[in-house]
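Look at the two complexes coming up: chain A is in both, with chain B in one and chain C in the other.
Let's look at the complex of A and B:
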């Protein structure tokens, strides 16, 4: 799973150098669209823009790889469920038939819509994670009044995920050395991974206690005013970009209300 | 000057029949290097946690009597956060001491300073000085998860040390390390002790205690069984065996020769003493 990037990739790019709050404003914008918009065109446009931003941030290849891995199955599933059963549909128009299976046009459309919608949301978070240095993220979240424990949680989760993946790999290698079958048919493979859950989950639980102690002895619960190793300065460009997000948001809301 | 004082301290973990610390009484002076010995389950970790305030504040259990005073603070009335400016603890698994708060060693070390509100202007200086002291300054931009076990353990030590505690507790810090890592950790700890830190270390590596400790406290069943100099405790093979601890090979060698009435002096605990003793035997 090492091919799948789940955290920050160090690059020298425009996107990297933006204040994390700018990217945070993009995330917020897309979250609002995700919650309220029903326009497929809009989501396709959002997807394209984020893809372009990922290339601008010099992480395009990893971005695409990760995205396909994450949303590929969602797309397929969504197309299948909606196409076959069309749970929200009213029209009976059929896109194509295959023996007794009918794929409905409406369901197919809805499946695509749902896929692009999810993909927009995942994309924007993924772009944020790949191009934002975690330490800076926490610092800037703190400047807008984010509780520091929450900031830590987000940050540590982002760092622990790749760690757990790596640990899983170590365990898989160890089990493979003892003859575990991780190749072959899908069911066989899935079956083979079940025994791995034990060591991974148990190992994680056991470490929680020690990690809690490690956090506490470093003043995690201290009531002192927190300070930061980094300073986040916010440039004029950053401010303009955040303003742009706000304006776009307002425009969207106005159109929704009028239209 | 006494920095640690246990007054008839009794601690009971929930779900257990017996008390886990059954009335511990002792004093530790500033600058002492104390080794803790005892079979597994004898309460060494509970003792360490009691100094740090993890017992009673984080562990599931109850104080059944007595108190622990750390540098003037009663642990039952002080938070772990308050105690952390006086005591730092390092545990066995190097990885689980990393908080994951930072991508680099430098950031991991900064975490405690950020939490306790140390101004940014001072942070840089303190991080630099502590990383130089433990010999990790060159690696400061590396990920703490991508260094050797011994180095990872040093990251843990640096992260705690940067808060400038007087007392450093190490609970089997070399359990997961190879001989090189073990040597590195012990010699660092000795250096810190020479600079004035009070050291409490749990370890099964008797040869290091023989070399470095000023005092050894032997635990069993939640009680202090014996408290004395390394010479006194490590050369008492019967005492060690009774408490399920393997004596050092050099000591056993001396003992074997003593049985044949060839060894006259005290039993050796270091190779140097053994060599000197053997010279006399050979003569």
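Let's look at the complex of A and C:
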């Protein structure tokens, strides 16, 4: 069975060969910064570091292409919401005026700040996605004690989703052939939603029993130790890099508490 | 009902997460993604990604719904689309509420349309109450989607009382349509399912 065609790009690079746990530690680090930091400089630095890592992982071009597509609208709306209305601000200072529209200085700053902040979060996840094979991700989580049932949930999802998307396409074609209108006014399109989703839902829900039996036959509920098909090694470099993330996190917390 | 949960919550949980419940979760996530895919194909102004969550909650129980909803966003975030994990909790709570509504008999295959509509409204309201603060405090009110235009429109009006209410308003608009529609679809599906599948109570 084919895995979901994720955005993973197969390349032979340093970043690809790292244990996924290292990349998990980077993601966690950025998520903590995202939640607690209010410094725009810090987020710009994070953005630049991740960009460099993407080039190190030989996915730089795809990284930039995908990222621009995702953060473009975010910067646009962020500058619009904050620049025009400045909902978080207190000062009235105007950066520039355009006919009757005033862009406030403080709002412009907030607009950029949230742009870079969200961009840092998206970047780190995107780097993870581009350079980590989903199967390895699950295996590495198993090595640090995640229950095998959770591993099953993730892997099964990645296998089922492409099948269901293909089924969705078939059903769209079938219903169109029967005269269902999938274009036109919004009420028409809303009306088309139900005959399209209905067969997918019914068909897949009916399959759950078969899957349950198939799982049971293979000893899914057995309490014996489970073995993995793939083995994920953790090298000294991986351990050092994870330690580095932890150290950086501690440094950040210390600076936050002192400063 | 309350007595039952107190008596053996862990046992209830174990019963919910049987092999059947676990086999249902990936399917529910698949339905969520297929729903989202159809919404994109039809260019509808809704999300469409909680139908699987509600179905899982109805067929296997509230906490299976919770897991299906949360994992939908989490798995997606780590494999395909780097935005959205923060909203996993919204999808998860939808499953939880829908599951309890089913368990307590307020939203079942025998409900009338008022009850179904009510369920949709409750889910929409819950989703907005949870997601609006996430959008405002973590993302500064920005989602990068078309709903941001509604946020800006509300901010631009004279009566605007700040970002939180503006985001709340814009998200309520999409959520109302989305959740009510989702609930009616699930209701239609429930009516068509063989009754042996709907025994979880």
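We adopt the following convention: the second predicted complex is superposed on the first by the 173 of 259 C-alpha atoms of A that agree within 3 Å, B and C clash if a C-alpha of one lies under 4 Å from a C-alpha of the other, contacts with A are read in each partner's own complex, and residues count from 1 in each chain.
Convention: a residue touches a chain if its C-beta (ideal position, glycine included) is under 8 Å from a C-beta of that chain, and two chains touch if they have at least 3 such contacts.
Just so you know, these numbers come straight off a predicted model, no measurement behind them.
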For this session: Considering only touches as defined above, state whether A:233 meets chain B (first), chain C (second), both or neither.
Result: neither
(request) Please work out whether A:211 is in contact with chain B alone, chain C alone, both, or neither, and reply first, second, both or neither. (result) both
A:156 contacts which: chain B (first), chain C (second), both, neither? both
Of the two partner chains, chain B (first) and chain C (second), which one does A:35 touch, if any: first, second, both, or neither?
-> second
Next item on the list: Kindly classify A:219 by the partners it touches after superposition: chain B alone (first), chain C alone (second), both, or neither?
Entry: first
Touch check for A:187: first (chain B), second (chain C), both, or neither? neither
Between chain B and chain C, the one with more contact residues on chain A is chain C
| said: Taking the superposition on A as described, I'd like to know which of chain B and chain C A:135 touches: first, second, both or neither. | reply: first
With the two complexes superposed on chain A, say which partner A:118 touches: chain B (first), chain C (second), both, or neither. second
Dual-contact residues of chain A, meaning touching chain B and chain C, are 8, 134, 152, 156, 159-160, 163, 207, 211-212, 215-216, 220-221
Chain C contacts chain A in the complex at 17, 19-20, 22-27, 29-31, 33-35, 37-39, 41-45, 48, 51-52, 55, 59, 67, 71, 75, 77-80, 82-83, 85, 138-145, 148-149, 151-152, 155-156, 160, 162-163, 166, 181, 185, 188-189, 192-193, 197
Contacts from chain A onto chain C in the complex sit at residues 4, 6-8, 34-35, 70-71, 73-74, 77-78, 80-82, 84-85, 87-88, 110, 113-115, 117-118, 121-123, 125-126, 128-129, 132, 134, 137, 149, 152-154, 156-161, 163-165, 167-168, 172, 182, 186, 189-190, 192-194, 196-198, 200-202, 204-205, 207-209, 211-212, 215-216, 220-221
Residue positions on chain A within touch of chain B in the complex are 8, 133-135, 148, 152, 155-156, 159-160, 163, 207, 210-229, 231
Listed in rising order, the residues of chain B that touch chain A in the complex are 49, 52, 54, 58, 79-81, 84, 87-89, 91, 93, 95-103, 106-107, 110-120, 123, 145, 156, 159-160, 163
